[in-house]
Amino acid sequence: MSETWLPTLVTATPQEGFDLAVKLSRIAVKKTQPDAQVRDTLRAVYEKDANALIAVSAVVATHFQTIAAANDYWKD
Amino acid sequence: MSETWLPTLVTATPQEGFDLAVKLSRIAVKKTQPDAQVRDTLRAVYEKDANALIAVSAVVATHFQTIAAANDYWKD
Amino acid sequence: MSETWLPTLVTATPQEGFDLAVKLSRIAVKKTQPDAQVRDTLRAVYEKDANALIAVSAVVATHFQTIAAANDYWKD
Amino acid sequence: MSETWLPTLVTATPQEGFDLAVKLSRIAVKKTQPDAQVRDTLRAVYEKDANALIAVSAVVATHFQTIAAANDYWKD
Amino acid sequence: MSETWLPTLVTATPQEGFDLAVKLSRIAVKKTQPDAQVRDTLRAVYEKDANALIAVSAVVATHFQTIAAANDYWKD
Amino acid sequence: MSETWLPTLVTATPQEGFDLAVKLSRIAVKKTQPDAQVRDTLRAVYEKDANALIAVSAVVATHFQTIAAANDYWKD
């Protein structure tokens, strides 16, 4: 994974910030399980598992907290 | 999901901020499981599961922390 | 839930702040499961489940962190 | 629980701050399960459960983070 | 546990800060389960349990966040 | 583990910061389970377990939050 996938935490809008938070949550899984086929198989399971979906939402919430602070909460 | 659903983190009151936190928690699930029918099926399960409800509350708490900071805790 | 239940995060004492954190933890459950009867049934289960009680305490800890920051840690 | 159990978040030392974090973690359980006998029964279970002990440690970590910030990390 | 085990959060290096975070994670377990023999028995279980090891890592991450802030991220 | 593995939290880019967060998440596991063979055995299990991968992502998110703050969100 040498390509640049995270040049900055700055986003134009909160919505883009939220999408970046979702991306960061998935990249960490990719760094731990590089095999796309395995990830797809697992995704088919956890996207129908309420507890797993809630746990994903928790990870997004922590990343979004980081990104929101990085963008000074898009106040200006 | 190209429509604008998160224009700002600024809310008039803490209560609106809490509602936004609940919304953000759900949007992350929607981004992971776009199929509304699947989400409705899962909701019928987790809304009667104490551990799942507590886990949802944890996600809301993290988002509310972000939104409260974004609104300088609605002090003025 | 249109009544005003969260006018402010400011509390007179840390202890009131802790009580507010407990309230916020429960409100998020109420927003997800509006049926009081279902919640009472679930409460009878999780209040005798050590893991669930610890998980509730974790949610209170995150909300208390937010409320403590909102009150500048009740330093003055 | 009308007695004053949390007059301040300020402690003389980090160690006292850690003890307060442990106390806050337990108070949240007490607020959810007021029956001391039930809590004692549950304690006999979770204090021999590795996952529960780790989960308790996680709650203490969040409260300690709050208390450390409240005491400006005991720097002076 | 009246001996002084946490005189300060200040450490010379990030690495010492990380070690302190690991220590704080374990002390909270010790405060909840004072019996060393029980802890050793549990340790033999959870150190071979992937989910438990990940949960321990999560607690260390929260404490490290606190300690890093306490040391102003060892910037100077 | 006396060698210097964490000289600084400062990284040149967010991407390097994310890699450091992944590293810190793993080091905490290594500190708890020093046996590389055991860790490899466990890894073969959790890298195919959706819930475990999500939990790993949560730990990375907390460490990344710390590292992002340490680098002032790589704004300059």
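Letters A, B, C, D, E and F name the chains as they come in the text, with residue numbers starting at 1 for each one.
The criterion applied here is as follows: contacts are C-beta pairs under 8 Å (C-beta built on N, C-alpha and C of every residue); 3 or more make two chains touch, one makes a residue touch a chain.
Chain by chain, the UniProt names read as follows: A, B, C, D, E, F = Peroxidase.
This is a predicted model, so every value here is computed, not measured.
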{"item": "Number of hops, chain D (Peroxidase) to chain F (Peroxidase), where each hop joins two touching chains", "value": "2"}
{"item": "Partner chains shared by chain B (Peroxidase) and chain E (Peroxidase) (touch criterion as defined above)", "value": "none"}
{"item": "Copy pair chain B (Peroxidase), chain C (Peroxidase): interface residue numbering same or different (half cut)", "value": "different"}
{"item": "Angle (degrees, nearest 5) of the CA superposition of chain C (Peroxidase) onto chain F (Peroxidase)", "value": "180"}
{"item": "For chain A (Peroxidase) paired with chain D (Peroxidase), centre-to-centre distance based on mean C-alpha positions, whole Å", "value": "31"}
{"item": "Cα-centroid distance, chain B (Peroxidase) relative to chain D (Peroxidase), in whole angstrom", "value": "27"}
{"item": "Euclidean distance of C-alpha centroids - chain D (Peroxidase) vs chain E (Peroxidase), Å", "value": "16"}
{"item": "Per-residue overlap in chain E (Peroxidase), given as positions that touch at least 2 other chains", "value": "49, 51, 55-56, 58, 62, 65, 69"}
{"item": "Topology of the chain contact graph, where touching chains are joined (line, ring, star, complete, other)", "value": "ring"}
{"item": "Chain order, ring traversed from chain D (Peroxidase) with chain E (Peroxidase) following", "value": "D, E, F, A, B, C"}
{"item": "Of chain E (Peroxidase), residues touching chain D (Peroxidase) in the complex", "value": "4-10, 24-29, 31-33, 38, 42-43, 45-46, 49, 51-52, 55-56, 58-59, 62-63, 65-66, 69-70"}
{"item": "Chain E (Peroxidase) residues touching chain F (Peroxidase) - in the complex, by the definition given at the top", "value": "13-15, 18-19, 21-22, 47-51, 53-58, 60-62, 64-65, 68-69, 73-75"}
